[in-house]
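First subunit A sits with subunit B, and in the next complex the same chain sits with subunit C.
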Partner chain A sequence: MESTAIAADARKRRTKPAIIDCDIHIPSVKEEMLAYLPRHYREQIDTFGMRLPSQGAMYLNGAKGGRMQEQQFPNDGKTSSILEHFRREHLDKYNIAHAILTGIGDYGINTTPDPDYAAALCRASNDYGIDHFVSQDPRVKSSIMIPKQDPLLAAQEIDRVGDHPGLVQVIVSNGAEKPYGNRFYYPIYEACVRHNLPFAVHVSMEGIGINHPPTGAGHVNHYIEYRMARTQIMMAHLASMIFEGVFVRFPELKFVMIEAGMLWVAPYMWRMDQDWKALRSQTPWVSEPPSEYVRRHVRFTSQPLELPPDNAMFEPMMNAIFADTNLLFASDYPHWDFDSPLKAFPKMSAERRERIFYANAAELYGLPSPAGQEASE
Partner chain B sequence: MSAKHYVATVGELQPGGKRIVEAGGKSVGVYNIDGVYYALRNLCPHQGAGLCEGVTSAYVTSSGPGDFAYTCEGEIVRCPWHQWEFDIKTGQMVVDPRMRTLTYDVSVEKYEVSVDQEARIYVHLPA
Partner chain C sequence: MESTAIAADARKRRTKPAIIDCDIHIPSVKEEMLAYLPRHYREQIDTFGMRLPSQGAMYLNGAKGGRMQEQQFPNDGKTSSILEHFRREHLDKYNIAHAILTGIGDYGINTTPDPDYAAALCRASNDYGIDHFVSQDPRVKSSIMIPKQDPLLAAQEIDRVGDHPGLVQVIVSNGAEKPYGNRFYYPIYEACVRHNLPFAVHVSMEGIGINHPPTGAGHVNHYIEYRMARTQIMMAHLASMIFEGVFVRFPELKFVMIEAGMLWVAPYMWRMDQDWKALRSQTPWVSEPPSEYVRRHVRFTSQPLELPPDNAMFEPMMNAIFADTNLLFASDYPHWDFDSPLKAFPKMSAERRERIFYANAAELYGLPSPAGQEASE
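Moving on, here comes the complex of A and B:
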């Protein structure tokens, strides 16, 4: 009888295995966040508004509010109500063991020409996130917002909060003033390494404010073109990180590409490896094939999952992108292009699923194994 | 064989309206399009969202960039998650008709129990 109960229990656990979800956007309550700003900026905002460029002023989104339409967050001015909704609608519903918030507040911070204001907003957002989200639920982890406009100020912010156990990475927008391999950013990577934090780039704010247009050919028109352009920019960042020698100079650094797609990484690595064979002598510090730096240093999130039209291509492509070590599951909750933890992926082996939905992220972010996992195996 | 489930009175489901009801353990969306009733399983075949909770809309066509024309007003439902468009009359996805949700028969019935009783709408699910 007892063994039957254990088997049933294991079956139950198998149907709802613990998950680490690596891309979550919970709305913040502006008034509660702004309370963390110094008087100077609070008064400016009262008088002039937020003065942050926005993506919504240039491009459409996929749905009203950018969200799944049934995800109407409470609007009572309390962050605690939002967190309660999030717990019920996502953490509990899908058995999310750890949810990585990918930025509290607004990536618009990464678009203003005023680095001091950006730094103040990052400090406020990070402190608000610690107090109102991370400290309220042990499942919730977050990312450190930084003023990427000024890498020295950014490093100060990483040094200020980087040892908080609930903050698991540093995050910036994909929209940038320079490709992220540029030595301009080295103070940020030095700080990441000091605090053992991955450096994450999340698609957003391409061509907005001080950031360069979303393609090298200039601005695009429609939202769907804009989404396609994001991948190009992430590709540019990836090649920049590798060939500028960031991973040679910072051998401990991990780079996380969030929401920019995943399967393209395979042919892009093959192209880099092929060119490197001929051009290695021009960047001789890159002493190993580029794909090797990707395998060791780069992680990428799954959502929005691009599935091949023929399911037979799925497994080979997953192998090609090192999915068992480098791919991280992400739902992008509550956004309209959410990937359901239960329904988005085609069938995979239990081992592969466990790597993508848990172990890869646990290793990257230093998170514990799911409780009781050993017993169910 | 099918089982009949009450949806609403005809007065409660006006043209352009919809009702989401529980019928035989399933959630079903019933629409009134120009006086004709259509029922869809309230389940998106893509990732399982409640399809009928999405916006009811028109089919947008175009003769070229910058031109927008609206046809089939009220005949398209957009999934509340990924905004995929489905034809309410057939349950089929607009750009990929092989992707579909179930449709059900709907009947309007009136029993002459009393003069002022309104006709009632029923959805029929396979038993």
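Moving on, here comes the complex of A and C:
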């Protein structure tokens, strides 16, 4: 590119509003990550392989490797080359002020029956992420992988790395042994609160490994049904968090639902509120309407963005899901169902766009305001 | 009541528009029903009890016996006394032209591991229902219970009673071993089509007996979470029916979702349509948008009626779920969360009300039009 073209490109970029992208999956380099594992686990892997359950063993994905065709990452065995590609093709291209990596490595870690192996892989994944991603670019933030099979071990891992400024939340797979409101998980929430970290659930691993079948009616046969089932499980987690009283017991806790859709939240809240009015004597610790806990404690990402066919319903639905405070933009880069920051949403007010594309996430993760961000450039 | 009062009451009743109520649970008299069982099963029950899994063993209900407080049915051991109470307290009171009984007996029949016992109980339930309910009042229609654990036995039962004019649909519990689109169930759909009967799923027995846990994240702890989970399972059945191609293979089949809510259908269709556009090459037999199969093949009942807190969204949401063709009024009489035909819905146009309270169900079940109904009185 000629220098005048580069300058023009830079000017153009500056005019784009800054964005926080809340769901990013840059590929990791397995060999560089495994170097962080204790030697006996590295030897086991050399001999027996990774032995992690995988979705790909059961369901198709939407594209090869789950990625957009044009995203051909460098394959020279260096994480730095991948990060370089990511900076150019995503951070710079869309003026992403902060990118939240959502799970370095493999959510299969959350589904192995061996909690000690899971803990070792989480430590390796988190340390690798700190060294190779978040320490390399101040725009890149990451999520803490935890061995949720053993909440006490998980809390240890949160305590170990939870104060690193580049790690902005704790993350687990949506596939689970118990709904996340269950008291089994409370040591994790105690640790989240100790380190002021949101608890995030990302769709993945439903019905895989040690998890239950992905629906209450058992296994599904096709990937598209599986995608629908993921949202159903997120619904179950949300009801569990609310009615078990997690937000009463942990009033500082934020719960982030990633890649499970957004518009369903409206009728789901309406139904929860209605049932709560009739049944609240059975869960007396839930002292406010369920929608109030959603409004105050729950955030959700936009991708894959679902839109009403009648555009007149878009604004009312956005209002109904508290989009101006609770919705976080996510592209899911580099996956095949990527939502472009430039094209994903219909026309919205500048204020609403700024909330969804920046301010809601900045407040959630304690990141600088857009103004601060621009000033630092 | 004096005769003038009776006449006034009758006049008042005639002025109320006729209603088809699509979800009714009149209690049955166990002894009278069990008389229809073969002797060896009656002896087993005398010795060992009913041995049917039950929700009540795991979850609270909203009220004692699940019923409205004021519905104290006669307890003289006669079905005729119960029917008499039902006529007075529901059919006459609200001018119900047709009441669809949704499962006489116990959905636990659908969750026992013994398919032959299930088949015997279904036969007894269906014969008892014919003799003691539908033959006693032309307003009362009923649903065919089937031993869905064994679809070939289930088809035999549909063939045995499926042409009785008082039995208007086949019914099963929402709790299931496999999602209902699975080919395992095709003998049931072949039999439904042979007898021109809709296939209805009523919420019940999720996570009970031979069924999977009620969510993809396992068991839930409270009744209100359980109620939310029921809708999630219905969602899974719906996606399964569509993407497995049930409506392509059985183009005459209608699928009725009972007591699982209604407004969720809108965002669920939007998401299915969107994913289908991107992924339709994986299920090429699904040649139309999922919402089109919903519009043509799926019906759903209104109770428990969920309403948007912002009344301005009511009409758009009703349009979005195809209420004028696909929504069926249901009261769920006599359950504690009964929706009164007089009070359940906000203000609607007379045309819409007539579709939801009568015409949609009349078309689905082949019942006389309101005019015909009035003429026959």
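Note that the second predicted complex is superposed on the first by the 355 of 377 C-alpha atoms of A that agree within 3 Å, B and C clash if a C-alpha of one lies under 4 Å from a C-alpha of the other, contacts with A are read in each partner's own complex, and residues count from 1 in each chain.
We adopt the following convention: a contact is a pair of C-beta atoms (placed from the backbone, for glycine too) under 8 Å apart; a residue touches a chain by one contact, two chains touch by 3 or more.
All of these numbers come straight from a predicted model, not from anything done at the bench.
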### Task
Classify the contacts of A:Glu306 with the two partner chains as first (subunit B alone), second (subunit C alone), both, or neither.
second
### Message
If we overlay the two complexes on their shared chain A, which of subunit B and subunit C does A:Asn182 touch? Say first, second, both or neither.
### Response
second
### Message
Comparing subunit B against subunit C, which has contacts with more of the residues in subunit A?
### Response
C
### Query
With the two structures laid over each other on chain A, which partner does A:Pro53 touch: subunit B (first), subunit C (second), both, or neither?
neither
### Task
May I ask you to decide whether A:Gly103 touches subunit B, subunit C, both, or neither, giving the answer as first, second, both or neither?
neither
### Task
Report for A:Gly62: first if it touches subunit B alone, second if subunit C alone, otherwise both or neither.
both
### Contacts of A:Gly162 with subunit B and subunit C, given as first, second, both or neither
neither
### Query
Touching A:Ala344 in the superposition: subunit B (first), subunit C (second), both, neither?
first
### Task
Kindly classify A:Gly209 by the partners it touches after superposition: subunit B alone (first), subunit C alone (second), both, or neither?
neither
### Query
In the superposed arrangement, does A:Pro198 touch subunit B (first), subunit C (second), both or neither?
neither
### Message
Based on the A-chain superposition described above, do subunit B and subunit C contact any of the same residues on subunit A, and if so which?
### Response
62, 336-337
### Query
In the complex formed with subunit A, which residues of subunit C make contact?
60, 62, 174-182, 206-207, 211-225, 227-229, 231-233, 235-237, 239-240, 243-244, 261, 263-264, 266-268, 270-276, 278-279, 282-283, 291, 304, 306-310, 312-313, 316-317, 319-320, 336-337
### Query
Can you list the residues on subunit B that touch subunit A in the complex?
46-50, 53-55, 80-83
### Query
Which residues of subunit A touch subunit B in the complex?
62-63, 68-70, 336-340, 342-344
